[in-house]
Structures are given as C-alpha cells and as structure tokens.
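Shared chain: subunit A. Partners: subunit B in the first complex, subunit C in the second.
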Partner chain A sequence: MNRLAIMKAVTGPVGDHPGRIFMSLLGIALGVALGVSIHLVNRAAVGEFSQAVRNVSGQADLTVQGPATGMNEAIYPYLANMPEVALASPVLEVEAKLPGRSETLRLLGVDIFRASRLLPLAIENGDGNPAAASMLDPQAVFLSASAAQWLGVRPGDNLTLQAGLAPVQLRLAGILPQESYRQRLGVMDIGAAQWRFLSLGRISRVDLRLGNGVPVDTFRRKLAASLPPGVEAIKPAAAGERAASLSRAYRVNLNVLAMVALFTGAFLVFTTQAMTVLRRRAQIALLRVLGVTRSTLSWLLLAQGAAIGAVGAALGIVLGYLVAFHGLRHFGADLGGGYFHNVAQATIAAPGSLAVFFALGICAAMLGALAPAIESARTPPAQALKPGDRERALARAGITWPGLALLVLGAALTPLPPVAGLPLFGYLSIALMLLGTVLLMPALAARSFGWLPAFRSVPLQIARAQLHGAPGRAAISMGAIVVSFSLMVAMAIMVGSFRHSVEHWLEEILPADLYLRAAQRVETAFINPETQTLIRQTPGIRQADFLRSSDLLLRPGAAPVTLIARPLMGRTISEILPLTETGAARVSGDPPPAWISEAVADLYGYRTGQRIELPIGGAQVEFTVAGIWRDYARQSGAIAIDRALYIQLTADWRADSAALWLESGISADAVTALLRERIPNGAWLDIAQPGKIRAISLEIFDRSFAVTYILEAVAVLIGLLGVSSSFGSEALARRNEFGMLRHIGMSRRQIGAMFGLEGAMISTLGALVGLLLGWLIALILILVVNRQSFHWSMELYPPWQLLFGLSASLILAASFTAVLAGRHAMSCDPVHAVREDW
Partner chain B sequence: MLSIRNLGKSFLCPESREVLHDVSLEVARGEYIAIMGESGIGKSTLLNLIAGLEMPDHGSIRLDGCELVGLDDNRLTRLRRQKMGFVFQAFHLLPYLTVSQNIALPLALNDVSERDASERVSSLLASIGLAGRGGSPVRELSGGEMQRVAIARALAHRPQLILADEPTGNLDPVSASHVQALLRDQVRQGNAAGILVTHSPAAAATTDRIYVLNPEGLFPRDAA
Partner chain C sequence: MRRALSWLVILAMLWPRTFVQAEIVLPHDAGSHPDLRTEWWYVTGWLHAEDGRNFGFQITFFRSRNEESAENPSRFAPHQIILAHAAISDPSIGRLLGDQRAARAGFGLAEALEGKTDVWIDNWSLRQSGDGYTLSLPARDFRLALDFKPAQTPLLHGPGGLSRKGAGADASSHYYSLPQLAASGTLTHQDNSFSVTGTAWLDHEWSDSYLEQDAVGWDWTGLNLADGGALMLFRIRARNGSVRWAGGTYRKPDGTLTWFKPVDIRFTPLRHWRSPRNGTRYPVAWRINAGTLEFELEPMMDDQENDARATTGTIYWEGAVRAMEAGQEIGRGYLELTGYWRPLQL
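The block that comes next holds the complex of A and B.
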C-alpha cells in the first residue's frame, strides 16, 4: 500500500467532510491573511517614512537636530568650521498651516548651494531651466508632485500659507524630482523661510558631511559633548527609526492580534483533526494491526495538518495582499494609529516575509494536528479496537496539573518588565493562560455538568449525562468557545475601560468653557502677545489661560517629550491636570515644580519629589517632580511647567492655544463670533467648545480602534467556525447513537432538542469561563500590555451590557449551530446510522 | 399481535431489485420466532419495515390491530417508543450513562415515574444477573453483560413486540447461550411477541418457530 493510500485510510476521504476541511483552511487562511496584510501595510508605512526621512536628509553623515521650536542659528558657523566637517547645510523645517484647513505642508528652508550637494535637488523651473536662481526668490517655493496635486496648484500659481495668524503668499516656482520626493513637501530658500515664517535666527537642523576618513560614531560622540542642551547629533537613519519606534508598540499589538487569529485557526485544525482521529479510531487501530508504524501514523496525520496549512497559508497570502493593497488605497498606511501622516503608500511585495507567513501557516496547522497525531499513535491498537475507547481516549484529557501549572506560570510572568520596550512577558502570560484554561476544560466540564440537577425531561437528561460522562468531547467544543470568546471579552473590557477613561480624562483636562487654537503641533501658527491681549480683553471672557507647547530632547535617540507651559502657579493643580500621583509639599529652596505624564515616569524613571534637569531655552534647568498626571494625547511623554517661568527662561511669549472661561450667562457661540471678528484673520483660529472637542476626540478614538475591532471580529469568526466544526464532527461521531435513540422511540425533534441543549450548556459554560478568563486577560492588557506599550494607565470599566449581549449572542449562535449539526446528522435515516447491526 | 400481509419492497439503487416478495407472517402474543436466510436476502429490511423505519411498496403490517403502513413519522416514533423493543448486534449502549440509566431510557421516554422506573430497573437487573451493578459505567462490562443490559433496555417498558437482530453475533458461545436463553425467557415472561433474526442455528433453536426468507417469500423452515 503506498503512503497516499495509507493516508486516505487514516484520515478518510476528504470528500467525506469537506465542510470541516474548508473551515480549517479558512481559519488558517484568515489568520495568515491578517498577518500578511498588517505586515505589508506596516512595511509600506515604515519603509516610505524612512525613505521620506532619507530624502530630506540626503547624503548627510550626521544631522545636528534641535527641538521643534528650532535652535539658534549661531550653531551653524560653529559646525561648519569644525575641521572634521567637509560640508554643513543648515535647514529650517516648517510645518506650515494651510489657512482655514487643519492640514499642514512641510517646507524645507535650505541653502540651495550647500543643500544641492546633499539632497536630490535637480530642480527645474516650470520652463524646464535649472532653478538655482529662482530658489533665492523669497516668494518662490518648489513642491513635490504629490503636494502640488494635493493643493491643486501648477508652476506659476500662487499659494497661501499661514505664519502666526497672518497669510504668507508664495509662488510655485517648480516641481521637485518626482522619483526622489514621493511625500508632500515643499522646498524654499532658508533665508526666505526664516523671514516669511517668523523664525529669524532659528534653524531646525544642520546636515553634515564629514571629511574623508573621519569616523562618524567617534565624531558624533565628540560633537554631542559640545552641543547645547536639547540639541543632539544623530545619523539620518535614526530619525526614521525613531518614528518607526514610536509606532512599534502599536504595530506589534496589531501583529499579536493577527497571530491570535492564526492561533485560533490552529485550534480549528486541532478540533477537526481531533474529531477525525476520534471518529476513525478503530480504522486507525486496524492499520496499526496491519503493520503501519507509530511514526508513519504520526507523520501522516501531521502531513495532513501541513497540507491544510499550506493551502490555507497560500490562500491567506493572496487574501492578505489584496487586503493590504485595498487597505492602503482606501484607509492609508497608519491603520488608524495616526503615526504616519503625509506618507505615500505603495504595497511592497516581500518574498522573504511572505515565505515566513507561509511557513507560519503550515506550522500553526501542524501544531493543531500535533496532539491528535501523538495521541493516536500512542494508543495501543487492541485498546482502540474495543467499544467505548473513544471515551477512554478523551478521559486522559481530564488531567489538571498541566493546565494549572500554565496558569500559575502565566500569572507569575505578569510583573516582569518590558523587553526592548515591548510587553513580551505580558503576551506570553496571555498565551499561557489561554492554553492553561483550554487544558483545564475537560476537568472543568466534568465537574460543572456533574453539579447540574437531574432533569425529568429525557433530552435534558441525556444531554446532561453526555456532557458529564464524556466531558472530553464537550471540552473540544468549549475550547474553541473559550479561546475566541475570552479574547473578545478581554478586548471589549480593555477598549471599554480605555474609552471610559478617555472620556473621564477629557472631562478633566477640558474644564474651561471655550478653547482656542492657532494650529495643532505647528510651530509657525501661533498667537502673538498682541492677540493674547485682544483675547483677554474680549467682552464676556472672565479668564484666559494661554498655553505654549514645544519639544524637549531628554535622551539622545529617544522621541522628544512635549513641554507644556501654562499658568499653574497659585492654581489647584488637580483641577487642571488629571493627577494620578502627587508629591510632598514643596519647601522653600526647592527647584520649581514640574508635573510629568505617566509616559515620562515610565520611560525616564522619574518619580515624585525627584529633581530633574530639563533643556529649556538652551540651558539645563533644574525642576522638582511635583506630580504625575495621566495623558492619553502624547505617547512619548509630556511635562507641564508654569508659563511665567517658561517665558522667563525662553523669552518666548507666543502661545499655541488658550482655555477661556466666560462670564456667567454669556453664550460661547457669541464669544466665538466676537473673537473671530476682533482678531485679525480670526477665522483661521480653531475655536471649539469642550463638548465638541470631546466628541471629536472620541470619534478619533473609535477610528483608531476600528482595525482592532476588525481583527477581533475575524478571530471570533474563526472561533465560531471552530465551534461549528466541532459540533458537526460530534454530531457525525454520534450518528449511530442518534440512530439507536430513534429506534427506541425518540423523535427527531427530541434528538434535535437534546443536541441543541448540549450546545447551549457547552456554550454557556464556555461563555462563563470565557468571561472569567477574558477579565483576567483584560487585566493583563490594561496593567501590563498597555502600560508597557503606550504608558497609559486606565480605570477598569467592564461594559456589562455589551458583555451580556455578546454572551447571549454566543450561546444562541452556538446552540443554533448545534441544532443545525444535529439535524444534518439526522438527515441520514436511523437504519443507516446503525447499519453495521441491521 | 403482529400480522403481515403480502409485503413487498424493492430498492432502486444502485439498480432496481425486489428484496421482499409477497411476505406474510403472523406472530401471536408470547410467541418467539426466528427468521433465517442468506446474507443480503432482506432479513434486515423486513425488520425495518416491521419497526416502521422503512415503508413497504405494498402490503400491510398490523401491530395489535393498528395498521403501521401509512402512519406519519411522529406516530411511528410513538409506536416504537411504547410497543417495541430493540436488541442490536453491537449493543448500542450509551457509554456516558450508567447501566441503570441505559435500562431506564425507554421508561423515561414513556414518562414512567421515577419510583416505578427505579423498581422496574432493579427487577430487570436482578433478572439479567447484574443486581448491584446498576451504578457501573457500561464500559466496565464484558460483551455478554453489555448485551444483557441491552436486552433489559429492550424489555424495560414491557413492549408488545421485541425485534432482535443477531444479538449474539458479537459474543462467545457461553455468553451467547446465556443471552439466547435470557431473551427467550424475557419474551415469554413479558407475554410479548419476539422476532429474532439470526444466522445461528443454535440461536434459532431457542425460538418457537423458525422461518426462512428466500427470494420467493418467507416460509416456515419445514416447508422451505
């Protein structure tokens, strides 16, 4: 007999159970598809972002970078005159606000004669002639093709941008080389940019090319020692890596969710294989009697798993590629995370990565097939040929210690710190808890169903006896429910808690009646002191607090921390900032207070009462950490200090935004109209009431979690497929039992009810265990994964109504599936069901 | 008790074939008969028709005066539940029920009170030689014991007709002999009608009359 024939004898003809094979394939395909699509989208986003960073840094060896507010341009001649430096090119980077729009255009102000030696600036005028001369024109700007298309302008057209609250008129002098600049970008003369965008004397960075033979790293270390506080020397690639690292936790979380879907797919393969080998136990034993070795048997069953995995993975790769392609076109590359703005998107096929996902699909399916293969091969054939051996095989699954050990190990891993900024132990803990609970299901099922009272109704009586007496079979179905449902519950609790916490946080941080903003995170759009006075003096405004945000570089290579300067001294801080921890009262002689966000506390290890140094105004200034506050807006951290002190340190009187308290009885709409009227170009200001800001913020929140919901829904769908598959197999395995019951006088309806009740009892217990496990996983997600990934704490707020609805839906869906499976099994007449006897 | 007249049945698949031709049979209450015949001759089909699990092409089957041919599935199910008992070659006990629970299954289906059911099960356990083992899982029983439990289940609700197909086919000669005697005694004690389908002359010998099924019909062995 050749191996194919033996395999057919072991697994049965595929045509016998095409539905279950298809569901297994689908489970693996969906898991792989999710992984592939997320990988391709992330790859496109990070790849394009890094490329964009390389394009604006060109062939520089090093970049000396200041905070977003810029640095004194005096640093440029200092750097240019260093003997190791062959070429220094100063750059002013401006995120210029488009008047009346929320978007910005990134502009590079460069010295064309220096920058052209580093950057691909083979710029031509609209007439096709070299554009070096035009570049010096203070009105001239060159845009990338995508920016010109986005703004709907052509060479020669005028373009209006915003500086402060005033318009800046520019003329599109030409288009940047399309092959080098795919992102939305503009380039103009640095002097013109400083002047037009009110940044005289400031530059953002200096790109350096070093002399031949100058070791970059050695020079970088030497240079770092001589740079003013808040300024760092980095390799151009590091900027791309920094942006990628900001989104890394988000991307890893998405990938983990995709892997969860794949794991659920593997569980589906396990369900199918376990039920198949259980049903074909006698045939497999017969093959062993006829001389098929244990190893051949194991390998054949594993090979079947691998074949399912290979076909599923191939389908998944195609599906994943299509999803990525359309996802990038329609939703952009940041997958709702908001990390990659203005990045051109293209799906990049990566044969190496696709091969890894193909292998992952096969491995997952083989993993699913492993336990049934081992169990099948280990069972002595004589025992397997005895009647009732199916139950004996499943009775072995009732051992509890491995499951308990995994649960304890999972719990023990939760306090461990992140690895390279990622909550790997948190993920591992969740995986162990899932596996441990699944292993405990047979024992749990036996005990739980044993506690049920004896029923008078025959269908209920038999259903209860079946579940109590053969818990192994029930456990297979329950495993699929517990895996998918617990993850759904965990995500629902985590997202519900997060949303509730964000809502609460928004209420705390928006205590004023009206908020006004020049622009979001844009240095060149600001409220100058004169406008601040105008605002203060506007009738109906009782109090106006002005805020200034800027960046602080606390550690070379790390993402900048946001410095928020706002009136704090003499105020009740807990009414302004959502404090989670307060330090001891300040004593005379202490450095001034600073309130740090949880992210800063996590990332830099700062604690309340600690003295810290912050690079403000070109000097290291000492502060005392007076408290820690919750901030969901800035993942890389924020520090709040008093604005009066900030002005004293920096002489920066500008403000980005203002919180306004109105006189009682004054309408916010009336004040808004008045402000727009009184302030020159007041229409360009964003003015909103806190309710609107909260609504927009929550809308953004929901959009950010849309991808998560999709991934979760897929995992649940795979889980339900598993339930359906296991009920189908179970019904098939018990066809002769149903046939006998029909012989002795049970009606089809009673048998259908019996199987439906079994489905309801299994899914109810599965849902209860899923709720409990989901709650535990939610705690790990909230306290470990989220905290270590994003440095956000949140209050536990289970959405009970949603959980109740989900549980009821699951129980209904599972019961309905069971009834369908039972009906299908009974579609064959009872004579055929027991035909080995008649 | 059971009256069969001119029963005929053909199967179309895989090719048109007449399995039963003009079969007639009378079985009185308390009578235990055997049906023998070659494999594939239609013995099982005849039992299925009597049980109402298949419908004949023509003819009549009356059980206790009630015509089975033409009844709908629900009425046939009730009829099987109340008036028939089945013994299968492979026992078909439910492995997750205890011995007592397996025996009590038809009683539960017939809404017999728990107390009455318990008394009936105890009595049956004693009569099949398994007194005191009612709480055991069936997988702990030997083949012969399992078939005795199956017989007790078939008799539990005091059916008027007991249908047994090769009930000793899976048993050793000693167990088979015990089971044959038990089945015969229980049919007689219950004053039921019993039909045993078997290839075993020894099993057939325990019955009151032996019939042989051949392509021409069903005939008493002496006449065949």
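The block that comes next holds the complex of A and C.
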C-alpha cells in the first residue's frame, strides 16, 4: 500500500466535503487576516510617526525638551556653550489654530543657521532661486506639501493663523522637501515665531549634536542633573517610542482580539478534524490493520491540519493586506483610536512579520488537528472497527479535573500586576478560562442533559436521549458556541459598561451651562486676562470658571501629565470632579491640595494623603494628594490644582477654556451670541453647550470602538461557522441512524425536528455557559485589562437587552443550521443510508 | 536652504555707493558698526612651517544688518547676521581646504562688538588683544590658532579712510588695512600640527550700500612687499567686460603714500585656469600696472577656488599669490576674483 493511497484514505473527506474544509480555512484566514491588518496598520502609523519625529529633530544626538508651555530661552546659550556640545539648535513648536478649522497646524520656529546643519531644509522656489532667503522674513512660512494642500495655498499666497484671539498673517514662502516632510507641518524663523505667536522668551526644545567621541548616554545623565524641573534630555528616537508606547496598550488589545479570532479558527479546525476522524475511524483502523504505523497516521492527520493552516494563512495574509489598505483609508492610521495625528498613510510590506503570521496560522491549525490525530492513532484498531465506537472516542473527554484546574488557575492570575505596562496576566487568565470551560463541556453536557425530564414528544425525547447518551458530540458544538459567544458577551458587557461610564462621567465633568474654549490642544490660542474680564462682565453670566492646562513631566521618559489649573478652593470638589476617592480633611500646615486622576495614581503610585512634588513654574512645588478622580480624556494622567495658586506660582494669567454658569432664565444661545459680539474676534471662540460636547464625545467614543465592533462581529461569524460545521459533520455522521429511524417509522419531518431540537438544546446550554463565562471575562477586561492598559475604572453595566437579543438569535441560528444540516443528510433514501452501516 | 543665503552675500560682499562722510577714527573704528548694512574683517597671509612648507590662509568675518526684523523684540530676531569663511592653501593638496559658518548675532554665541575688533561665531573668533589680534578657528578639516602683531601703522585707503568705489561721488566705503602683520601660531591639518610664522594682511571695511547696477564682480589684491612696502589694488568689472572703476593704495617702506586713480591701474590676464567642478574660467596669473609699478602675479597653486554657497551663496577664487618682477619675487599676498562663476547680482 503506497503512501498516496494512505493519504487518499485519510484525506478522503476533504474531497467529499469541500464546504466544511473551506470553513476551517476561513476561520484560520480570518484570524490571520485580523492579525496581519492590525500589524500593518500599526506599523504604518508608528513608522510615519517615527519618521516625522526624525525629520523635526534631524540628526540630533539629544533633544532637550521643555513642557508644552515651553521653557526659558536662557537654556539655549547655556547648552550651546557646554564643551561637549558641537551644535545647539533651538526650536519653538507652535500648534497654531486656524480660524474656522478645528484642526491645528504644527509650526516649527527654527534658527535656520543652526537647524540647517541638522535638518533637511533644502528649500528652493522652483526657478533655482533660493526661496529660503526669505527664511528670516518675519512674514514667511514654509509648509510641507501636505500642509499646503490641506490649506489650499500656493507659494506666494497669504494665510491667516491665530495667536490668542488675534489673527497672524503669514505668507507661504515655499514648500518643504516632500520626501522629508510628509506630515502637515510649517517651518518659520524662531524669532518671528516667538514674536508673532506671543511666545517671547520661550522655546520648546533644543536639539543637540555632540562633539566627536562624546558618549551620548553619559552626557545625557550629566545634563539631566543640571536641567530645571520639567525639562528633560531625551534621544530623538525616544520621542517616537513614547508616542508608540502610548498607543501600545490599545494595539495589544486589538492584537489579542486577532489572536482570539485565530484561536477560534483553531477550534474550528479541531471540530472539523474531530468529526472527520470520527467518521473515518473505521477506515483509519483498517489502515492500521494493513500495517500503517501509528506515528505515520498521526503525522498524516497533522499534515492535513498544517495544509489547511497554510492555505488559510495565505488567504488571511492577502485578506489582511486588503483590510489594512482600506482600514487606513477609512479609519486612519490609529484605527480610530485617536493616538496619531497628522499622519499621512502608507502600508508597508513586512516580510518577516508576515512569515510569523503565516506560521501562527499553520500552528493554530495544527494545534486544532493535534488532539484528533493523537486520539485516532492511539485507539486499538480492533476496537475502532466495532460499530458504535465513535462515542467511546469522545468519552475520554468527560474528565473534569483539567478544566476545573485551568479555571482556578485563571482566576488566581487576575490579581497579578501588569508586565511592562501590559496586562499580560489578564489576557492569560482569559485564555485559561476559555480553555478550561471548553474542556469541561463534555462533562457539563452529559450532566445537564441528564437532568432534563423525559418528554412525551418522540422527537424531543430522542433528542434528549441522544444528547444525554452521547454528550461528546454535543460538547464539540457547544465548545464552538461557548468560545465565540462568551467573547462576544464579554466585549458587549465591557463596551456597554465603558460607554455607560463615559456617559455618566461626561455629565459629572460638565456641570456648567455653557463651555467656552479658545482652541483645542493648542498653546497659541488662549483667553487673555482682558478677555476673561470681558466674559465675567457679560450680562447673564452668574459665574465664570477659567481653566488653564499645561503639561508636567513627572518622570523622565514618561509621557507628560496634564496639569489643570481651575478655581477649586472653597468649592465642593465632588461637584466639579468625578471623584472616586477622597483623602482626609486638610490640616493646616499641609501643602496645598492636588487632585489626581486614576492614571496618575496607577502610573506614579500616588495615594491620597501623600505629599508629592510637581515641577510648576520651573520649581518643585509640594502638594498633598487630596483625592483621586476618574478621567477618560487623558490616558497619561491629569492633575487638578487651584488656579489662584497656579497663577501665584507661574504668573500665567492665561486660560484655555472657561465653564460658565448662567443666571436663571437666561438662554445659552443668547449668551453665546452676546459673547461672540463682545469679545474681539469672538467668532473664533468655540462655545458649546454641554449637551453638544457630550454628543460629540460619545460619537468619538463610538468611532474609536468601531474597529472593536468589527472584530467582535468577526468572532461571532467564526463561532457560527463552527456551529454549522459541527452540525453538518454530526448530521453526516448520523446518516445511518437517521436511516434507521426512517425505517422504524419516523417521518422526515420528525427527524428534522429532532435534529433541530438537539441544535436548540445544545445552543441554549452553550449560550448559558457562554453568558456566564462572558460575564467572568468581562469582569477581567474591566477590572484587570482596561485598568492596567488605560488606567481607568468603570462601572459594570451589562447591556441586558443586547445580551438577550444575542442569545436568542444565536439559539435560533444554531437550530436553523441544525435543521438545514439534518435535511441535507436525509436527502438520500433510507435504504441507502442504512446500507452504509457496517 | 543653504544656497538660499546668497542674498546675504549680496548684502555682505557688495560695494558701497552711498555717500559716507565720517573719517575713520582708530582704535574705536576697529569695532563693529551695526548701524551700517555691511562690514567685514578679512585676514590673509602666507605661513611658513619649520620644515619649509608654505601655506596660504584666508579668513573673513562678515556682519550683515537685516532690516526686516527691526521691530521684532525677540532675542532671536535676526537683526545682525554674522558669517565667516576660512580656507587654507596647501600646494601638497592642490586645492583649498575651506569651511564656513553663519549665525544670527545674539545670546553671546555669535557677536560683533563695537569699540574694538571682537567678532565670533561659536568657537571661531577674531579678537583684538593687547596691541595685536588673536585668531582661533577650529574648522572642519583644519585648525588655525594665530597671533598677529602689527609692524606698521594702519593703511587708510583714501583720504580719512574713505575709499571711492565708483564714478559717483557717493560711492565709497570705510576701508583700512593692516599690512605686514607678523603672524605666528599653529596650523593643524591632516593630523599634523605645524608651528608657523609668516606675514599677514588685515582688511576692515564697512559701508551701507550696494554694488552699482551693471557691476558683475571685482578683482582685488593685497600684497606685502618684500621691501616692507604695501600695495592694495582693485578693479570693478562691468557686465560688458569693461572696467567700471579701479583704485588702490601704495605705501613705500619710507611711508610715502600713493592713492591711485582708475586710469593709473591696468590688470592684464596672462593665464587662465578652468575649475573642474563647475567649469568657471578664472584668470589666475596677471600682469599688473599701477602708476610706475609693473609686475606679475603668480598663484601659489591654480586651484584656489572657494565654494561658499552654503553661507554667502557664491563661488569665487581667493588665493595666495607671489608678485614677480623680472623673475624676482618682490612680494607675497592674496588675490580675489569674484563674479566669474555667476555675476554677483541684486
């Protein structure tokens, strides 16, 4: 007997039932596709971002970076005169507001004489004449091609930007080299930028090139010790890494979803292979009798799994490329997560990682094929050749202790801390719980169906007896349902809770009647003290709270924390901030209070009552942590302090935004109109009622979860494929049983109903277990994964209606699939079917 | 961006036209004149190493006033731009080793001080110290550290130091030289450090105006004569090839001073050299007639082309030359040929 013949005997069913194999392929393909597309999109985003960072820092060895409000320019000559420094290039970064646009334009104010030795700034105006002659012109700005296109301007055109609430007129003097500056960006003279964007005396950073032979790290440490608080020396690459690490948790979450899809795909391979092997059990036993060794058989079956994996993975890579390409187009480089701004888009091929995904796909499929391969090879041929043995093959799976052990281990892992900022133990715990539950399914199926009372209806009774007597088969279908459904439930509960918490939080954080903002995330747009007085004196306004935000560097290398200065003294804090924890009342002599967000508490380990030092106004200032509040807006953390104290420390009277409370009976629209009229350039202010802000915020929330919803839908789809595949196999495997039932007088309809009822019972139990497991996973997602990834807490808020709707449609779909499969199996005549029996 | 700065050249290197009246008063006028548009300090010379090798060197610090930012209160506002060129000629290399820098004045990192010569960009500096000057110039391919001691009184080019630059009575600049400077110090290049001595020439010139419309460039030479005399000659070329203006100063060893009129001076090219890098053809050897003087200029080497596009946006020839009379060397100095690559234009 040659190998080809063996192969044919084993893989026979592939030819017989291409549809089922196709579903296994699809499962693997979807998993791989998700992984590939997330990887590609993220690679594009991080790549673009790093390139952008490189281009604005050029070939600098080190960057001395101040907070967003800038640092005193005196640091520039200090650094330039250090003997180790060969070149110091000062930069003022301005996020310039554009009147009438919500997005901002990033402007770099540079000293061209210094910067041109670090940056690719070869600018010509086309006819060979040096456009950069005008680099020193205080009216001139050079834009990247993408920025010029975005603003619709050509060299020579004027453009209007905003400083404070006043316009700044600039002239587009030239276009930056396109190959170097793909992001939206402008460059102008640093002196002109300081002057025209009201930043005299401030610079954002100084890029340094060190002398030959100066060790960068040694010098960086020496320098760090002499820098004022809030100023750090970093390698330019670190800035890119920092941005990438901010989005890392989000990316890892997406990747885990992809892994889940792959896991489900592996499970699908398992169900298909298990069913195939069961059906071919007798043939396989015959092969053994004919002298094929045990290991040859196992390897053949494994190879079959690997082949499915290879084809599926190849399909997945192609699919992943397509998804990445379109995903970039429609969702942007951060897949809606909001981490990367101003990133142009490009999908980059990555052969190395594609190979990894290909291998993962094959491994998943082989993993799925492993158990059936071992099991079928291990069975003594004589036993396998006996009729009725198929169920025995599955009886082994009825042991409960491994499943229980995995569940307990999974639960035990949940309190462990994150690893390198990632909730690895949380993910592991979810994986263990999934696996444990799947292993428990046969025992669970046997017991549950045993509890069902005897039915008078014949199809119902036969269905019950079948499930009770042969729970192994049911367990496979239930496993498919439980895996996909529990994940769907978990995501639904998590996202539902999150959305509800965000909604609630938005109400708490927006107590005023009207909000006014100079610009979003911008240093150059602010409300000056005169305007603040004007706003306060506007008729109809009962109270106006002005807010100033800036950033604080609490730990070198970490992302800066947002400092929010707002009137807090003498206020009821719980009416202003959504507090989750309040410290003891303040004792006189204590340092002034600061309220920290949950992220600050998690990242820096601060606790209520603790004394902390914050670098404000160029000095370390001591504060007492008076409370912890929930903040979904700033993942790197936020600290709120009283504005009067902030002004005392920094002499910074500016404000970015204001919360306005109106006199009773005054309409917000009327006050808005009045404000726009009273304030010079008032039309440039964003004035919004809290309802609108809430609506916009929730819209952003939904958009950023759009990708999650898609992944969820894919997981469900894979699960349903699994159900339909296992029912299909089941129906085919029981063709002879159906034939027998026909012979003893059951109608086709009755058998169809019987099979449909089996499907309904299996899926009901699967859905129940899935709900339960999903609930547990949701708790892990909320309490461990989200808290450790994003440092925010949320209240559990299960979307009951959605869950019941999902359960009902799952049961319906499964039953329907079962009926279809049963009908297909009965399409041949009963005599034929019975004859197939041994 | 680099060549883009060529407008600065135009500001920096162009000759004056407006009428300037004040006479030069030294030592105060050795410092910067920030109210005027353009100013430079320029030192050239021949250096001799102990092993007998000869080097030429040229360093120039330019100051250029930028009116555009006059109202800007920022400390970064580019009110004054400082530029510097440096080059050495080493016949064993056969071409110039050059370097250049540009910076806005400010923060003590680049300045040109008033009252005495003290001009620097980072660690490149030319400073009056005691009765002489100190030059410190660590360039990319070489380092110069030289002291200069004056052996003679300053040489004023024209009455009161006003040097006529054109037919119009208002075309002139403030211009004096320190010839026959005794130079000593070290020149480091190619991992060798040479103790050097030699004779140098310092020019200091400032003005407030532009080259006349049809002028395309100039030929200039400053020579320390072997007998202790000093000679400076220049001519400004017009677009049509004719000589637009010429002038010069000759001081004999006994101190007798002659200011030449345009008709007194004749430059006759004897030999041309074509730059292999850009094809520009420079007349590198000349017969010079100035009054009763007649001699030839022979370059230390032909390729002394200086590519200064990165700072001043131009390419010119600036090299060490010997003055030869009937086969005898009568002096050494520098020759500057501008406007051959491309016309200097506004």
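The rule we apply is simple: the second predicted complex is superposed on the first by the 827 of 838 C-alpha atoms of A that agree within 3 Å, B and C clash if a C-alpha of one lies under 4 Å from a C-alpha of the other, contacts with A are read in each partner's own complex, and residues count from 1 in each chain.
Definition applied: contacts are C-beta pairs under 8 Å (C-beta built on N, C-alpha and C of every residue); 3 or more make two chains touch, one makes a residue touch a chain.
Just so you know, these numbers come straight off a predicted model, no measurement behind them.
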### Query
Just subunit B (first), just subunit C (second), both, or neither: which does A:748 touch?
first
### Message
Per the contact definition in the header, classify A:113: touching subunit B only (first), subunit C only (second), both, or neither.
### Response
second
### Task
Identify the partner contact of A:458: answer first if only subunit B is touched, second if only subunit C is, both if each is, neither if none is.
first
### subunit B versus subunit C as contact partner of A:138, first or second or both or neither
second
### Task
Could you look at A:466 and tell me whether it touches subunit B, subunit C, both or neither (first, second, both, neither)?
first
### Task
Could you look at A:613 and tell me whether it touches subunit B, subunit C, both or neither (first, second, both, neither)?
neither
### Query
Can A:740 be said to touch subunit B (first), subunit C (second), both, or neither?
first
### Query
In their shared complex, at which residues does subunit B touch subunit A?
44, 47-48, 51, 53-54, 73-74, 77-78, 80-82, 84-86, 88-92, 94-97, 101, 105-106, 108-110, 114, 137-139, 146, 153, 165-166
### Query
Can you list the residues on subunit C that touch subunit A in the complex?
1-7, 66, 68-69, 72-78, 81, 102-104, 107-109, 122, 313
### Message
Using the touch definition from the top, list the residues of subunit A that touch subunit B in their complex.
### Response
387-388, 390-392, 456, 458, 461-462, 465-466, 468-470, 736-737, 739-740, 742-748, 829-831, 834, 836-838
### Message
Quick check: in the complex, which residue numbers of subunit A touch subunit C?
### Response
73, 76-77, 80-81, 90, 109, 111-114, 116, 121-124, 130-133, 135-138, 189-192, 194-195, 200-201
